[in-house]
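Each structure below appears as structure tokens.
In what follows, chain A forms one complex with chain B and a second complex with chain C.
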Partner chain A sequence: MKPLRTEVVIIGAGIVGAMCAYYVNRAGLKAIVIDRGTVASGTTGAGEGNIMVSDKSPGPELELALKSRDMWFEVAQDLGNEFELVAKGGLAVSRGDASSLFELSNSQSVAGVQTKRVGASEIQELEPFISKAIQNGVHYPQDAQCQPMLAAAHILRQLQRRGLEFIGHQEVLKIERKSENLTVRTSTLEIQSDFVVNAAGTWAGEIARLAGSELPIMPRRGFILVTAPLPKYVNHKVYDSDYVDNVASSDADLQTSTVIEGTQSGTILIGASRERVGFDKSISVSVIQRLARQATSLFPILAGAQLLRVYNGFRPYSPDHLPVIGADSLIPGLYHCAGHEGAGIGLSAGSGKVIAQLIKNEIPIVNPEPFSPARFQMAYL
Partner chain B sequence: MKHFKFDDENIPFHDGESVAAALLRAGKWRFRETRKTKEDRSLFCGIGHCFDCIVVVNGEINQRACLLEADEKLSIRKQLGVN
Partner chain C sequence: MGAGPAGLAAARILSEHSVSVDVFDQYPRAGGQYWRHAKNEPFPAESFKTTLTSSRLNWLFECSIWQIESEKSGHTIYAIQNGRTIERTYDALLIATGAIERPLPIPGWTLPGVMTAGALQSLIKGQGLIPGERIVVAGSGPFLFPVIESLQKSIQQSSSSNPSSDIRIVGIFEARKLSRWLLNSVGLLLNPEKVIDAMRFLINLKREKLRVTTGRVITSIKDTNSKNVKRISVMPLKGEKVSNNPTGQELDCDVIAISYGFTPDLTIPSILKLKTVNKEDDEIVMVDSNQRSSKLGVWAAGEITGIGGHEIAIREGEIAALDILGKGGSLTSAIRKIDRWRKQIFATGLARVYKVSKRWFEWNADDVVVCRCEEVSRDEIINSFRELGADSVRTSKLFTRAGMGMCQGRLCHRNVQDIARVFGSESTKISRPIGGAVTLGELSD
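Moving on to the complex of A and B:
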């Protein structure tokens, strides 16, 4: 078969691959997105859709998150908001001593996040069904939400009208560098390109190895409980402030903290658990019980709710909790955009933009240094 | 025969029968209306998976008629959206 030829091949049709495709296309480059499954068949189809600035401490990730959040709204403006994007706001609550929550929110507001401390009566106003025991919280109006599967599908569908090519059900088996070209091979296809973007999420380490490089991306499992459609009991993304510590932790053992939000289809999503158990898809009743117990103690009205289903997904986890965005140190033309862990939906727009800017040799919207793959590849040079 | 209430009507049932079966036998196939487009819904999977058959039971929404054993103490209403 005659090889296909393009300028950029993007491996992975999750939200990160879709956003890379969007900005690469905007930059005027010809691109092909390829996935071994369908759109959003990886972690993008197995999580939630929060676009959060509130759960990040000041630093490079927060800087990217703030930019990325605004860019989500630009993408929706350009392509049409067919993916339930809404700035519903977040509410972090503290059940005990609130000093660490307030310390965090003070530092965040210095870094440009809009924050507002709220006491019992304001909390009841924001969330009429929340437990009366909650005395302290911080309201984050910038936190937003979308439906990530719809987003990835809509972005890729619209881009196909702008010249992008999408190829599903083709697994990348080989990536070779020959003279000035990279060749991506599947069992039936050969695609030649100038650049390859590895947007394979939790599987990005395998893609790096196929190309002769290395990237330490690992799975961190999370469960979500989905209720049957309910009246609007939950207005914001509401979470326990210990969530922020769990996100930043490197512990392999199970951690859970309450994260609750409604969706436009009426279901309420309950998370969040984090554990490193490899790619184990099995359902853990004890995790589900723990999540349900924590959720009903925050929103007692959920105690009688029926669960429609429970699912799990594998966050793409990098050892220092920062995504890997930038050029591979070993293989010219290969770029990585992966390892966004539990924030890949929120960070996807900014990350895709940075990739397009690096490929075009432009100055990126954020300092790309902290995200560089080089931090994990020194030993291999 | 024993009965339970469905929207002010008495629905007869056999011991051990599900609410869904008793309703269908009585010709009551409209169990609920969807939230947005207000379309009728009834039994679909019959085994508790799809949540298409949900009704309001003694004031509680989202109860699956296909899994619920009929009982004289039940007062059931057609579920309208999430009400």
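Moving on to the complex of A and C:
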């Protein structure tokens, strides 16, 4: 078996891997993307396609999210928007005391997020079917959405016309460092390259181990309820403001809060449950009931909506809930781009760009320090 | 779960012992698809009449089971009945949810007047209605026979009550040649009564001056200028491909009933994550000789363990019930197992004789809607494999939305699976995490 030779091997054909491939390709490097399944067969295929700035507090993640959100539209411009990318806007609402929501939106707006406080009548205008009990909210026009599977597939397909190679059904068995090269071995292939990008999502920890390193990426389960197709009852991405607190939590117990949104196909997605349960994929009735209750209290009209299915996806997360983007501290040439949790679709473009810039020794679009794998790897050095 | 032949057979045995049994069904009456009957009609199977009135059985009709949770303490069924929530825990579950009819997407199959053979039979049996005057029955498999028989009976009744009525069967097209019956010779030897059944049917056809044209398939259905009249193209099928030798024919009609057999309804088994196996390209629930599934305390019987018809379903229901009662090793059970084996040999042979060509989607060059709920066409599905990198029904679905609509793939999964297989993909297990109709309001209660 003659080994393949390339400059960059990207492991993972989810949206993060696809965006890494996009910017590595733009940087003029020769790359091969491999995946244990096919395109978007992991977390990307089980997400709502969120490209959000509204759910993040000021800090490095928000900085990356803002840049990344705009880059999504550039990618759509370059490759054609065949993945339903649309800036539908977000609406965070509060049922009771809205002071923490407003505090957050004030700080976000200082950080560069477009925000607009809205009262009962404006909320009714934005969302005519929302509960009359909702008095306060913040409108975030920048929040966007796409169909993530189509995005990953479209990006990879277009890149293949620009010289990228994509090989599916390659489970990585070993990553070895030999002289100046990294060799990635799969069951049927051997690929030599200068750089390897680990964009394996929930499996990123496994890939790091196969290379002789360590990365604390764990799966966190999330449910999304999908209704039967309905008229356009929900215009924005609407969420309870306590969702924001929830995202930043590391309590292992089940936590739910609602995010409701419509899709182009007419179905309504109700999401945002997060619980840490390893890779167990079973569905729990109590979580479904809780999400349904929260959804119908926010949008009473949904009481008559038929529940059609439930998705069950695993979101990769790191101990401090920031993604891991950058060079491995132990293995020269190995880069990680994983652990984006529920924000992977939105952060993918910016993360891919940062990886390409680090590989090319350019100054990245954001300070990469907070995302560096070194923060978890110091103990092993 | 399921009050068809398998469920009823199990209920009959269980009701004779002191166990308390709940029987769930989504329809308002017992009988399943096989014994479907109108409200005022007597139950079609004499031997089950006392079962239906047994005091030990608690009937839960018009129930939609949407979720089942299994724990050490038992299996909890979550269902909705007339807007009311049912939540009950059981020691043993028997799944007998039957099969779904399988039509093939043919250009024009969404036109009014085109229906599944089962839908035509329901109209005739349930409402005494023949929805047209020039009828074509087409497809493949033994289900065409009973449909034609009910049709003939109903035509006779309508012409005796109204002499001016002129309803006729204008064509019967069976995709497979009679010679393929050689594939089931062992089955026939073991089940000689089936030969008699077939002879009786053929003689009956002859008396009515009807004949079955074998080795022919409908490849398109088009509207004509005259009201309600459709023109169908019928072409010879050679192996897996449509051929032009001998030349095809065109025929006018107003009702087209199509049946390409059945596919197991694996909704409930998928919720319970029961192990399944592939049999003649259908995914079926894996069971042992006592109809036990891969999950402790869960039995499966009837069409979900392999398409075989009501006689096997009855035996399987009985065997499961005996095992639930702790009599899986009894002589009564053994006798039923021998009979099940004999009948299964026949059913397996039959499945081979009438196996639907995987390449049905190439019978016509024109594009055709495959997933009707989401209006996804054959070419879009093919494109997802050729261009987008789909490698299974699952990934193709995520790209195209085929199977994501109201019916959750009940109608199209099996057909998309065929296309996927032609592109070299392995089969995708059916996954329907929400079993039946339930609203968010009902869940919020």
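In the analysis below, the second predicted complex is superposed on the first by the 381 of 381 C-alpha atoms of A that agree within 3 Å, B and C clash if a C-alpha of one lies under 4 Å from a C-alpha of the other, contacts with A are read in each partner's own complex, and residues count from 1 in each chain.
Heads up, the rule we're going with is that a contact is a pair of C-beta atoms (placed from the backbone, for glycine too) under 8 Å apart; a residue touches a chain by one contact, two chains touch by 3 or more.
What you are looking at is a predicted structure, and each value in this text was computed from that prediction instead of being measured.
Applying the stated clash criterion after superposition on chain A shows that chain B and chain C collide.
Of the two partner chains, neither chain B nor chain C is touched by A:349. Of the two partners chain B and chain C, it is C that touches the larger number of chain A residues. Touch criterion met: A:305 reaches chain B and chain C at once. Applying the stated contact rule after C-alpha superposition, one finds that A:184 touches neither chain B nor chain C.
With both structures placed on the common chain, the touch criterion links A:283 to chain C but leaves chain B unconnected. Contact with chain B, but none with chain C, is seen for A:231 once the two complexes are overlaid on the shared chain. By the document's definition of touching, of the two partners only chain C reaches A:156; chain B does not. After superposing the two complexes on chain A, the stretch of chain C that clashes with chain B is 401-409, out of 149-157, 401-409 or 437-445. In the superposition on chain A, the residues of chain A contacted by chain B and by chain C overlap at 228-229, 304-306, 308.
The touching residues of chain A, when paired with chain C in their complex, are 37-41, 45, 149-150, 153-154, 156-157, 166, 168-169, 225, 227-229, 265, 267, 270, 282-285, 288-289, 292-293, 295-297, 302-310, 312.
Those residues of chain A that touch chain B in the shared complex are 228-231, 266, 304-306, 308. The touching residues of chain C, when paired with chain A in their complex, are 66-67, 69, 76, 78, 273, 374, 387-392, 395, 398-399, 401, 404-406, 408, 432-434, 437-441, 443-444. Residue ranges of chain B in contact with chain A, taken from their complex: 35, 51, 54, 60-64, 82-83.
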